[in-house]
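Below, chain A partners chain B and then partners chain C, in two separate complexes.
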Partner chain A sequence: MSKIIAQDKSISVPGETLAVGMDILPGTGAYRDGEKIVAKRLGLVTIDGRTIKLIPLSGRYIPKTGDTVICKVIDVGFNGWRLDTNSAYSAMLSMKDATSDFIARGANLTQYYDLGDHIVCKIVNVTSQKLIDVTMRGPGLRKLKGGRVIEVDPNKVPRIIGKQGSMVMMVKDATRCNISVGQNGLIWIDGEPVDELLAIQTIRKIERESHMSGLTDKIKEFLENSGKK
Partner chain B sequence: MPYTKRIDGRGFDETRKIEAKVGVIKRADGSAMFKIGNTWAYAAVYGPRNLHPKFLQDPQRGILRCNYNMMPFSSSGERVRPGGSRRSKEISLVTGKALLPVLDLEEYPNSVVDVFIELPQTEAGSRCAGICAASMALADAGLEMKDLVSAVSAGKVDDKLVIDLDYAEESYKDGSVADIPIAIMPNSGKITLLQMDGEIKKDELMRLIDMAKKALNDIYEIQKKALKEKYHEVEM
Partner chain C sequence: MHQELREHIIKLLNTGIRLDGRKLTEYRKPIEVEQGVVKTAEGSARVKIGETDVMVGVKLEVGEPYPDTPDEGTIIVGAELLPLSNPDFELGPPGIQAIELARVVDRGIRESKALDFRKLCITPKEKIWMVIIDICPINDAGNLFDASSLAALAALKNAAYPKFDGEKVDYKEKTSKKLDLEKTPIAVTVIKIGDKFIVDPDIEEEKAVDARLTVSSIEDGTLCAMQKGGDYPLTTEDIDKMLDIGIEKAKELRKHL
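For the complex of A and B:
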């Protein structure tokens, strides 16, 4: 007889038994040990039918195919750029994925992206050895000019973006800033200095209170109140 | 004089007062504090991150680097000279070996997870406190782990088997002393660290391990509670 021991939406720590029984399946963040389903990390228990998975609450960014990330150029080579992805691994942007311009052999690539530039790009491939390929071909992928880049906890990014981008839209409208959120926890903000500061304050507030319910309303109120000052 | 009663009045199978907290160092990816009596350990975990020098990289899995450090005026004896010593190197090594069996670093090839254990004040049992703090900090850093690791020192003072020796017991003059740090994975009961200083009979050692396991279950509950407390308000 199978039995689910852990409660839905509770916190579990590594090694904790979540359920017993062969007809329950371990999802991400859990593993099977004989009859038992055991937690493999610190996370929020989510029971979905017969599957038990754990939503991570902390940890560094792990690159995934399809993620849109904000990266910094750390090296310029013969046929591409090396980028810092805010994770343990750097990414490679090859010339053909960067631009459709004709680039002559041996041309100076810094005229496209120079050292220290931030770019929005998309991860197209991650190998088992964590070699990362990114592309600049796609809507919204570009070099970031001006503005400032801040770092947040990558696990809080979904909350900052909100459902269908509702949260970030609200911050954008209220602060009149351009904002780009990378899945790797880097956020680019560009606007008037005062507005930029307000946007940063708001994002930090979302990050801090990401676990609370009714956050959208709270942030709306916060933005309205700070606008009056 | 025979050893009939512990100096601080504890029972022979009792640990000193334990306090644990997670997330004490903001800049670290994961951190924890573990206090047992007057021994305080702080652990900070950074990573997985890029590993240099490059020849240390392992293309099959990430590596774990532990660093155990006692602060200059942390102990009751002479000032500890800053920087690494023969002793700290050994303890860093055994700490790493005690933690590695629970960690799954195959997801992070060529990278490193750094663990820094700092001890602002110590009074025996520092490597065990360090291991407890480090295992909580690793879990806080969101790394994939099979289990936590709990550790405590056990031993024999004169003819009595005791748990969690303090400094006075470790340096007991009127009889023989054996000091045995033990670390286990609490859910499977497997031992990841077992060292010994002193002499003890085989059957006494077996009894001592059973005693330690009981104490370690209590320590495990404290570790678990500390980890959960960090997120106690979570409700989505």
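For the complex of A and C:
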């Protein structure tokens, strides 16, 4: 007889048995070990009918196809660039995915992207061996000029973006900063010095209080109050 | 390599504000000094400046004096930059960074005559105390120089001699006799980015450094050691300004000892 052991919305730790039985399915963040469904990471248990999944509360970024990420150039090769994705795996940006310009054989690739540059790119493929391919073709994908990059917990990124980007739009409007959020937990901010600091403060506040309900209103209030000062 | 970041920092500095919102010559807060954190060492201290966290241990060993200074003890400073504290650090023999850090701390203490080496002598030409200072950064969030030299000083202040019967040292028993620290040389690293001078750089500002000058001074403002780093040269006016900032800020840091 199958049995769900963990409670809905409870917190699980890696290795914790969440349920027993062959008719229960493991979702993201959980795996099957014989009869048992076991938690893979620290997270919030979500029971959806017969599937048990975890909303991760910690951990580093795991690359996923289709994610828009902010990467740093760590190597310039003969036919492309190697990028640091803020995860355990580095990504490859090939020449044909980088630009539609004609690049002569043996051209100096650093004129496009140099070591240490940050770029917004999109993951097009992740192999089973975690080799990542990214592209620069698409709306909003570009090299980042000026500004600064800060790091946040990648698991809090959905909260920072908000529903249909509502949260980040609110921060952008209130602080008059340009902000780009990468799914890998890197955020690029560019604006006037004081505004930038306010944007960072707000993002840190969202990160800290991401588990609370009514966060949007709270942040709205926070931004309004800081604007008055 | 960090040109974009450098330009952005300069843009900010021109408005009198830094990446994290501090003023140009403001240290991160809080500055914490904790003494006696390692029981097995004769003296120890842990210093936190903002997120930067450094631990220093002092050991006292009996050894032979150098032939040219038969009646003087000595100090040996070593630093080990652990990968734990900064992903850019690598295991293995100490690199340029670690050697420089150790030497800057060493020079501050040595040249200020904070320790009277003659008092470390047990029997001239035969036995002396060797003061071994080990620096171990727990977290490098920038400005290891200032944090390490402050921690080394706090550890020296905390150090007590172990029991010594003329033959063997018993490290299990400490005596009430403390190391005699006569002066407190405080190192302050002043950074030049563009045409602005700042103190206590964080990790990002350290990447964008043009030049840096570590200034060690004692209580009355007497300069005792300097170390220049970074790729760009400094003019004499620059150095004058940096010295003034360094000596001024040292007074502030000294209050935490």
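Rule of thumb we're sticking to: the second predicted complex is superposed on the first by the 225 of 229 C-alpha atoms of A that agree within 3 Å, B and C clash if a C-alpha of one lies under 4 Å from a C-alpha of the other, contacts with A are read in each partner's own complex, and residues count from 1 in each chain.
Note that a contact is a pair of C-beta atoms (placed from the backbone, for glycine too) under 8 Å apart; a residue touches a chain by one contact, two chains touch by 3 or more.
Keep in mind that what you see is a predicted model, and the values were worked out from it rather than measured.
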| item | value |
| --- | --- |
| First, second, both or neither for A:Gly147, with chain B first and chain C second | second |
| First (chain B), second (chain C), both or neither touched by A:Glu16 | first |
| Which superposed partner A:Tyr89 touches (first chain B, second chain C, both, neither) | first |
| Touched partner set for A:Pro193, first chain B, second chain C, both or neither | second |
| Touching partner for A:Arg50 - first (chain B), second (chain C), both, neither | neither |
| Winner by number of chain A residues touched, once chain B and chain C are compared | B |
| Chain B versus chain C as contact partner of A:Gln129, first or second or both or neither | first |
| Overlap of the chain B and chain C footprints on chain A, listed as residue numbers | none |
| Residues of chain A touching chain B in the complex | 9, 11, 13-17, 29, 31, 38, 40-42, 44, 56-60, 62, 87-90, 128-130, 155, 211-213 |
| Residues of chain A touching chain C in the complex | 114-118, 144-148, 190, 193-194, 196-197 |
| Chain C residues touching chain A - in the complex, by the definition given at the top | 1-5, 7-8, 11-12, 15, 17, 19-21, 204 |
| Contact footprint of chain A on chain B as seen in their complex | 29-30, 47-50, 59, 62, 102, 104, 107-111, 139-148, 185-187, 223-224, 227-228, 231-236 |
